[in-house]
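Structure in structure tokens, see below.
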Amino acid sequence: MSVKGCTAKQVQIIADSGLEPRIIKRLNKVGIANYTVFDARGEGDSGWHSGQMDGDSEVLILLLLEEGQMDSLKDVCKHYLSRGHHLTVFVSNVEMISLSCM
Amino acid sequence: MSVKGCTAKQVQIIADSGLEPRIIKRLNKVGIANYTVFDARGEGDSGWHSGQMDGDSEVLILLLLEEGQMDSLKDVCKHYLSRGHHLTVFVSNVEMISLSCM
Amino acid sequence: MSVKGCTAKQVQIIADSGLEPRIIKRLNKVGIANYTVFDARGEGDSGWHSGQMDGDSEVLILLLLEEGQMDSLKDVCKHYLSRGHHLTVFVSNVEMISLSCM
Amino acid sequence: MGIDALLIPAILFFILGVIAKFVDSDLKFPDGMSKGISIYLLMAIGLKGGAELGKADLGIAVQSIFWAIVLGFVLPIIGYWILRFRNKIDSMNAAAISAHYGSVSAGTFLTAIAFLEASKIEFETYPIIMMVMMESPAIIIGLVLAALARKRLQASGEMKTQQAPETEWGPLLKEAFTNGSVLVLLGAMFIGAVVPPENMATLYPFTKEIFMGVLCLFLLEMGIVGAQRLDAFKKGGGAYLIAFGIIMPIIGGTIGVVVAVSFLGFTAGGALLVAILSASASYIAVPPVMRYGVPEANPSYYLALSLGVTFPFNVVIGIPLFYNMAIYYQGLVA
Amino acid sequence: MGIDALLIPAILFFILGVIAKFVDSDLKFPDGMSKGISIYLLMAIGLKGGAELGKADLGIAVQSIFWAIVLGFVLPIIGYWILRFRNKIDSMNAAAISAHYGSVSAGTFLTAIAFLEASKIEFETYPIIMMVMMESPAIIIGLVLAALARKRLQASGEMKTQQAPETEWGPLLKEAFTNGSVLVLLGAMFIGAVVPPENMATLYPFTKEIFMGVLCLFLLEMGIVGAQRLDAFKKGGGAYLIAFGIIMPIIGGTIGVVVAVSFLGFTAGGALLVAILSASASYIAVPPVMRYGVPEANPSYYLALSLGVTFPFNVVIGIPLFYNMAIYYQGLVA
Amino acid sequence: MGIDALLIPAILFFILGVIAKFVDSDLKFPDGMSKGISIYLLMAIGLKGGAELGKADLGIAVQSIFWAIVLGFVLPIIGYWILRFRNKIDSMNAAAISAHYGSVSAGTFLTAIAFLEASKIEFETYPIIMMVMMESPAIIIGLVLAALARKRLQASGEMKTQQAPETEWGPLLKEAFTNGSVLVLLGAMFIGAVVPPENMATLYPFTKEIFMGVLCLFLLEMGIVGAQRLDAFKKGGGAYLIAFGIIMPIIGGTIGVVVAVSFLGFTAGGALLVAILSASASYIAVPPVMRYGVPEANPSYYLALSLGVTFPFNVVIGIPLFYNMAIYYQGLVA
């Protein structure tokens, strides 16, 4: 389901590319079906992802959520974070431009 | 023309990659000449873009606009949205870091 | 070092891909070790980066910084901007989602 | 023949790709790889077609082109009619889907050639010219069907006039003729026809010798991509659509066999190729045009059908089926 | 022999890549390229292995598989034991690293084959089957070692129970058997074994003739990537780890030589291949599984070790070393 | 000869790419593809050059290298002088652009070789060594010209001292010698020279046999990219620049012919290659260095000129022109 309102939470999740299908499956289960993914590389406390090989790439998953979906999102993040996985997740507010919001 | 002020509107447009040249041409016509594009894949109400094939990829177009350019932007978005095209567009405020803004 | 607090500055730097290793080295020196990079293409006052060839690609470097790191960041930006390099840099505020911030 | 067909490496690699998806393997091709291989395959087949064109009988060539255009116009109309039967599929989706079936899948066509070469069966090369000719008519018909449907919906008030995209005929028609795959095919064919054979020969190690191997790699990827597409049907009751994705190629293939044998006088090998052109559904040239020209249709449907249902059906079942059909029909009319 | 080995193009291109990184050149392969080449190499070696399998002696094949599995289980345990010696490396990192050493590096294996072919040395092809068999056991052992360590840490209170990820055995075991490289290798091997040789031959220009050239390109990239990885050691005192990355392949290679000569009766050529399987560390199949299954471990360590230390060591020193070792040991036991 | 030249597949594919852009086709290569193909082409030509080097006459080789360096230093100075004529182009842009013209375009050079091979014309292989030597001097001259111009502008007060980037000579000079294409060329040349011919032969199917085909694919892409670049001139009155992009290669090519025939004693085939080295403008090695070293210059200008004007000019007109010029000049001096 797309964002209905005229404002939304823009959530960005940076994760190892191996987590991508897993995270998306889990988001789906809590009702977050729409997403956009970008390939990325980078460095963090868990070392360097060169992006050159399959086990060494990362992705940014972008989600536009309604305020009410944030709890579900946090549950999914908690699932991974509490198991020691390296997710970098951050949120900001955006205004949507759509036919009904112009 | 680059952003002149020290704050700007960060506009992000997610669209089918086939729309990229069209949108950019139309933005150009309304005076929005600078842009940045990222390849993406994702899922929405209109199904899944795997990013694996030409007819099946999407892009995110990032625009930094002055407040005064937002109307032109909205016109371009309206053109596509009203014709049934799937654009996901969202806006937030950013501060620019440039020689004159430091 | 990862972001410690529950809010952060999201800094985005668009630059010619040739600058990527240089900027990252310099960020490292001022203590900014974590970053994420995306390949991009785009058009600006200095012309068009098609993304098709090595001398003709650009990147977006995404940094999540603590408030206190912004001065170091600005120094790095100033270094390049004052030498005539084309960096497009913009900042916004984000909330972090992490085990300690939920 | 059935089992034999499955022992062709290209088809086995396709099946390997399907299996990879079904065991939920993380096997994934890098993003640009299948796009790059597609360009290579089109270039190679175009050069081959062009080189043959030099030796071609002009009369048969013209007839082939004529029939290719006829098939390109007629097949989508049949497809549309089936999809709209008892209003099963709404008219915008029906228009977009049927355009795909009037056009062709180069990957399926190349697999059919691999099948013929592995089985040492002779075949005419006119179908390569036909392939180029069949891309555009189907796109045009699809757009026309959508435009008519739009008019009808507006007249009946089901679609608001303001909502309705006017078809931008100019740019869309241009796209039907200048899309990347048509251009590479046509261009390579032209180059293959005008360059003297001695000059051509330096290209053969690249365009001919390694061709079958590259095709295997491509089909491995297509197997993964095709199987992934099937997920689209999980969400909505796709039974009617899946049935269409199998029945339509059987109808198309049968028509192809008849045209090839009765009207063009081809051997069973050549008839298989015409059948495959008719039976296969585009997944490269047509989707972008339909996305833009018929935004009301759901891309999941046409991509899932052409990649997830019809491509595998043709590769695994259609190819041996149509070849046997061609032999049977030749016996019938002889 | 030592210097001779360095005159093999594949190895020289690897060194060129290392130099490129050390002079801080901007030489960079496009993102998908090495992923794509990897798939090609696995496909080619799988087809070759499968074709040989047809001619194989079933008895030796079964024995090879048996010993491959034994090596896959035993090597990571030895590695773990060395890493944990005097508590040098914490148990989670030790588990993750040692899993890499039980598995294999296809790139190193192919370089060894290039060495043998360039030196016109005969070799058995059973090691290709062994390569497929060695991917999964090491992964399983790595996960088991990590699970045991986790239990110990929880019992001793060093790790909070809440923090501790339960090993999701189901999905992880599945992944050990269905990861992309295992699947392409196994699938290609199956295809190589069942397809009649005449049909296979059309693939050879792609899978055999251009193979060595593609391998050179791949090793050029691996040289860059490997050398880059060494930066990871700059940050923390990696002396013990670097030593491990050299000692472990020597131990593994020695065991491989003994197994190959004494238990499998291979020639020196075949023994080199078994030695390289044992000595090399995975950098494609294992890292993703360890990232997910042992998130407590630091990926920098295992990637830096397998790509930055062990890969170069094996390519430049290990290959001629183990070959000479095999000849020496054969003399000893004869 | 003129029309004949156009019947070489590589050139036809280039024209096809240009057409694709002009009919506004959506034909697009995946992002990494031309980067990957570039590395392949440099590797192949380097190996070829290195293998020839073994058989080379040391005296001529040394002379070739000498003249390559002379050309690399002199051509950018001529270019700069023309661009600055009547102050047409500002000095920073003039410096950056002229550096491109002192350096070389491997793609154009390879097309010239394709032309010679298709026309069965003999040629010397020393120009391959010259190509490697010509990358760096031009970069240095470009940076020196920019540094001098900067000093002048500061002295005259047109540029604030604070604004003016100090040239970081160290890193920039290093880059002139270690950039990716120089390194792959030099490295492959070294490998081609030291590896015994028997070992080399296993690479030939990859580096020689499929070479022409890969070059065609590359030129198809270059046609698209080059034609796209022309858009840059739409914005500002580029008439003078476009004229420069055609006149400069004619001047360079003429000088190249004279040097090759009169000073190096080459045949017309070899002279064409030297002419093309002199006439062509870099689009891989030089742009990144100029971006960083002369940030005041507008990259649109130099990319549009070298890719959009000079590359097509050389491929379509320059190659046959300089070949005929070489024959004519040989007659003159004989």
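Order of writing sets the labels: A, B, C, D, E and F. Residues in every chain begin at 1.
Here, a residue touches a chain if its C-beta (ideal position, glycine included) is under 8 Å from a C-beta of that chain, and two chains touch if they have at least 3 such contacts.
Keep in mind that what you see is a predicted model, and the values were worked out from it rather than measured.
Ranked by how far their CA centres sit from the centre of chain D, the chains are topped by C.
Using mean Cα coordinates as chain centres, the one most removed from chain B is E. Judged by shared residue numbers over all numbers used at their interface, chain A and chain B contact each other through mostly different positions, with under half in common.
With each centre defined as the average position of its C-alpha atoms, the distance from chain C to chain E rounds to 36 Å. One simple way to say how far apart two chains are is to compare their mean CA positions; for chain B and chain C this gives 20 Å. Look at where the CA atoms of chain A average out and do the same for chain E: the two points lie 33 Å apart.
Centroids built from CA atoms put chain E at 45 Å from chain B. Residue positions 26, 28-33, 35, 180, 205, 209-210, 288 of chain D are each in touch with at least two other chains.
Those residues of chain C in touch with two or more other chains are numbered 18, 38-39, 51, 54, 82, 92. Under the contact rule stated at the top, the pairs of chains that touch are A-B, A-C, A-D, A-E, B-C, B-D, B-F, C-E, C-F, D-E, D-F, E-F. Looking at the complex, you find that chain D touches chain F at residues 30-33, 35-36, 39-40, 43, 174-175, 178-180, 183-184, 187-188, 190-191, 194-196, 199-200, 202-207, 209-210, 288.
By the touch criterion given at the top, residues 18, 21, 39, 54 of chain B touch chain F in their complex.
Only residues 26, 28, 31 of chain F touch chain B when the two sit together in their complex.
If you check the complex, the residues on chain A that touch chain B are 1-2, 8, 10, 24, 33-39, 62, 64, 92-99, 102.
Touching chain A in their complex are the following residues of chain B: 11-12, 14, 38-45, 51, 58, 60, 73-74, 77-78, 81-82, 88-92.
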